[in-house]
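Multiple structures are listed underneath, in structure tokens.
Two complexes are shown next, each including chain A; its partner changes from chain B in the first to chain C in the second.
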Partner chain A sequence: MTDMSRQTGATPTWYGRIAASQSMLVLPALVLCTLFIFIPAFLTIVGSFYAFGLTSERWTPVGLANYVKAGNDPIFWVALKNNLIIVFGSIVMQVGIGTVLAAILDRGIGFGQVFFRVVIFMPMVISAVAVALIWLIILDPNIGILNALVKSLGLSPPTRGWLGDPSISIWMVLIVAGWQYTGFMMVLILAGLQAIPKDLYEAAALDGARGMRAFWSITLPNLRNVLLVAVLITTIGGFKVFDLIFVLTGGGPANATQVLGTYIYLQAFTLTNMGYANAIAVVLLAIAVLLGWLQLKASRQS
Partner chain B sequence: MIANYRTAALAVALGAVASGAAAQDIKMWTLETEGLQGFIEQAAAEFEEQHPGVNIIHERFPNEAYKTQIQVALTGSSPPDVFFNWAGEDAARLVRDGLAADITEYGQAEGGFAENVSEGWLANFAYEGSNYGVTHEGVSKYFYYDPVFFEDHGLEPPETFEGLLQLCQDIRAIDSDIVPWPLGNSERWKLNHIITMLNQRVLGTEATAADYALTAPEDELFTDPGYVEAWQKVVDLMDAGCFQDAPNATSPEASRSMFAAGVSPMIYCGTWCANIFAEEGFDSFEMFRFPSVEGGAGDPGGQFLVPQGYMVSAKSENPELAAEWISFLVSDEQARAYAEQVGSIVSNAAQIDQVEGTRWFKFFVEDIAQASETVNVLDVLLEASVANAYLDAGVEVLNRTKTPEEAMEMIRAAALEAKNG
Partner chain C sequence: MTHFAPRFRIVQALLYGFVGLWSAFVLMPVAWMIFAAFKTRREIFTDPLGLPGQWTFDSFRRAWGVGLGQFMFNSVVVTTSAVLIILLVSGLAAYVIARSRSVWMKLLYLLIVAGFAVPNNAVIVPLYQMVTAADFGNSHFGIVWVYAAYGIPFTTILFFAFFLDFPRELEEAARLDGCRPWAVFFRVVMPLSGPAIASAAIFQAVFIWNEFLLALLLLTQPDKKTLPVGILQLQGEFTSDWPAVMAGLSIATLPIILLFLILQRSFVRSLAGLGK
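Now for the complex of A and B:
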């Protein structure tokens, strides 16, 4: 800055100095983002227009062929559909149940709020891989506690197993994800609930609005922005999901729980179709960018 | 200032000398196999003693993780010098992509691996007349059974596939809750080993060779009705009550434990399983081969055998030393030590008679020596997308969501795409 001032002969202004120091503060993050996000994303986009293997050094240009292939690939659509099932299912389970739990903890019970908050939040601090391994034991068709529980109630567990039956395996994944992340949503929403001024409820009570009426007329409108953020976090998480499914089912049985993340892995590292894997990754990137933009817009509005 | 430059120059010179005398590292990647680490440690100590300045760095990985990590590492800037691999399509692809070194010359030198490993074993990693790897061992599969249970109920190991079906039915007749043959197919490869053997028994090796290599004409590729018949035999096994209810949700480890714990009286498992059963407290098992299929075109003397060994990275800075380390591993003394410590069937069988092995090790060695042909497993042998189709088809057939005919349509479609792609 000083050198530049000498060259131009101008005296640096106070706002010029602030702008320069701000640029310097941003620089490390910018360098890291460029190295680990922008350049890989750019290479992924470029790679999506080529055919190449994981271990081959020859890249053959194929234009839009990888995108056309994705459009005609039934497993790609199964994976996308599963992502959407996880997104909408998670919104219902995690945000819905999280809201109910938060409301109960905020004013529904008069004791043990901290205990229940900790217990419900606890699965969130366990890694997804560990969660998946725990649930693999619970859902095991031979030694799992869920089978024993169902049998003790006089019912029949699924003969193909909870994770082996293609018609129910994705719903089991959804339940496991819900078990892990509902606590996080509950804490987020609970914070929003506790920020609502209590005098609003007192005024409403004087007007005769209590219970569910107060919940619909006061709580929900005041929670709008928090719920919006919760929904967006859940949606983005639903599209990013990988580790939980990779360990629980590996995308099976026969692709029944395949999501875009696990399908990219399958194409890239098992089938070594790196170009095609890149094209699917670009589709996922586009969805993530769109959702990120929505989240940013929502947070600005709030 | 000049003094500083002199100091710096001296430091650089000393550094150069130091680096010149620095240890030569040979990085080796393998699977996490029971007993392997102890063997490598002692072998490395001996090799390092014979080669002052050489340092063997051994890194181990779980099976599934290894398949991915080795491919990524080989394309990176610091791949392992020596790495484990299965003989088959994966190894061939690394050769085609220029990632594996041609080590023929080092093997034929004095003391090289060609002195101790026969041409037949070396052929597993040979491409266009050159050696790109050395077979270290072969893993096979057998039916393990509980002889006490069999004797108590008057059961006999079956010699034919029909006999196997009858055996399952007989065990179910004793107690319908007993699972005769636990199948842990959650990782998909367990059934693939069974269909590998059924294809061989029903069709024969010659009839499948062109399909497996994708060299058959398009209109003939995987069209032999024997393929459907082989899948039908899987359905027959299910109908005979051989497996438990949810094989696709049962892990291989759980199925092994069902046998080792005495819950099930037999299992089809690899030669590596024997030591695991013994460690879990059950070592009085007996073994029999996969039975023949009556009317099948395949050689009933054929036996499952997956050759596996070591390759050298094309980017290795010390390919000669890396090949020397492999030659050391397959030398008479080390092959015997490996067989004793790991209980595996080694490619250098020169001193196999002197191995102080377990009862089952001796059985494997004698039995494989009598095999009229060896059968490599489909997920190693086939092109990746065709292998994946076979793996998925197995899951679908076990779940009864696809018929044998539909399973073969799926595999044929994948094979056609791979052939034309």
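Now for the complex of A and C:
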């Protein structure tokens, strides 16, 4: 009792001093975020109601014209559709296979966990540009090993190349993304699995629930929140994707692999339709902010 | 254990088979990159799947000539500076907010956290125009501040959670010994925050080291480029000299892979922290 009153007596003055005179120490963080995140976000929204070029001083107000243009622009819809394909494909591939791999590493195998974890996680630390360049050559129709492998199996590879065929190229992007990020999802989920108390499994084993039944009745329910965060991170990543597609296909062939990120770049810096690029960017911004907010909410619960 | 041994072994074999297959899928492109770097320009066409005939470093020499050393140096400078700024700025902000009781500070915290949701490629048009208008294009000094800004929200969240759990008795003791608040932060709190600092530093370093879009737009002079933009040059420089491209990619990626292998536990812990 005396201890507590001493603490509550001392705390306000000291911490009060921090609040008053040291509160300025928040300023650097605030200034940097305002300057490079909030102001650009605000200007993106404002700029979406104007027409202007890369270096032009004059901004012409156009009202909602940029948004109407997006609504009537088939490439915008292709880009959005591709983002959705990448989002759902990545959830199936990265979170799905990541969960299976994590479950195997957690309880399925006796030794070698560290080795497998290191190998499977490794692509995560390589830059997406390097990853894309390596795969660009692997998928090359003339010298690529994928063609050589397919031919050695007696099958014929696509005539226009793996990335040159509009109906195949987006799936190739998905495979490369899966190659790079499945290990990331695996360690994320593995951390969640290792937080599940082991005696739950022992109790279930006494009741006769082992293997798959234990997985369904103990593992999955306890993992719900981690899986939700994993799905949200993958979804956000699927909407933000840029590097991989920019280097692998540049959005082609014939815009078949265009996504919002590459289309913003194309409109802004190749065609210098800055206002229109901003309107597309606002769509991406709205999606990202909504998903980011959900992610913070979900991770606070776990 | 023994009574279900036979079935257990089959299941084990299947499980090992699955992780083994995925590991092979992951390793193959990297192994192929290294082998292809040692091949001759002819070999890569005639025998794409085989091992190189003889192990020479010629293609590595050609690739290095593009300026990979300069790109790597630039990446080190930019990444180190940005990460140091992020740690200092976020650490201060998170500490002051965690120890403050003012509602305004909580609101400021929420504002900084809101920055976490904004991806740089959604605000790239004004960001590019602002940085170039301030004449910070082609300057490492300019891009470092932009990188720092995008690292601050997540690092502040991380540090804030850590400082909330930090034992206040230690700070009280230091205060009774006559430490001023800033001295408590630098002499007591920071030295005992090693794990949080390491986690935040690795996380940000991986992302900044690999960042591409901003570097592509803001660093266009050859002597300013960072690795992700620099290696893109390999493709244009060596049309059909694929061994040189692969050698360049090996030079660019193997050091970071090696660093990961040495510090794998910290890397995995740091990046898996995104799920918490």
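Rule of thumb we're sticking to: the second predicted complex is superposed on the first by the 278 of 302 C-alpha atoms of A that agree within 3 Å, B and C clash if a C-alpha of one lies under 4 Å from a C-alpha of the other, contacts with A are read in each partner's own complex, and residues count from 1 in each chain.
The working rule: a residue touches a chain if its C-beta (ideal position, glycine included) is under 8 Å from a C-beta of that chain, and two chains touch if they have at least 3 such contacts.
Fair warning: this is a prediction, and the values are worked out from it, not measured in the lab.
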Which of chain B and chain C A:P166 touches, first, second, both or neither: first
Chain B versus chain C as contact partner of A:Q194, first or second or both or neither: neither
First (chain B), second (chain C), both or neither touched by A:F269: both
Which of chain B and chain C A:T60 touches, first, second, both or neither: neither
Which of chain B and chain C A:S299 touches, first, second, both or neither: second
Touching partner for A:I143 - first (chain B), second (chain C), both, neither: both
Chain A residues touched - chain C or chain B, whichever exceeds: C
Touched partner set for A:C33, first chain B, second chain C, both or neither: second
Common interface positions of chain A, toward chain B and toward chain C: 136, 142-143, 269
Residues of chain A touching chain C in the complex: 7, 10, 12, 14-19, 22-23, 25-26, 28-30, 32-33, 35-41, 43-44, 47, 97, 100-101, 104-105, 108-110, 112, 114, 116-130, 133-138, 142-145, 148-149, 152, 179, 182-184, 187-192, 211, 226, 229-230, 233, 236, 240, 242-243, 246-247, 261, 264-265, 268-269, 274, 277-278, 281-282, 284-285, 288-289, 291-293, 295-296, 299, 302
Sites on chain A touched by chain B in the complex: 53-57, 136, 139-143, 158-166, 250, 252-255, 266, 269-273
Footprint of chain A on chain C - complex, ascending: 11-12, 15-16, 18-20, 22-23, 25-27, 29-30, 32-33, 36, 44-45, 48-49, 89-90, 92-93, 95-97, 99-102, 105, 108, 111-119, 121-130, 145-146, 148-150, 152-153, 156-157, 172, 175, 181-182, 206, 209-210, 212-213, 217, 227-229, 231-232, 234-235, 242, 245-246, 249, 252-253, 256-257, 259-261, 264, 267-268, 271-272, 274-276
Of chain B, residues touching chain A in the complex: 67-68, 71-72, 74-75, 93-94, 96-99, 182, 186-188, 244-251, 254, 258, 384-385, 388, 392, 395-396, 399, 401
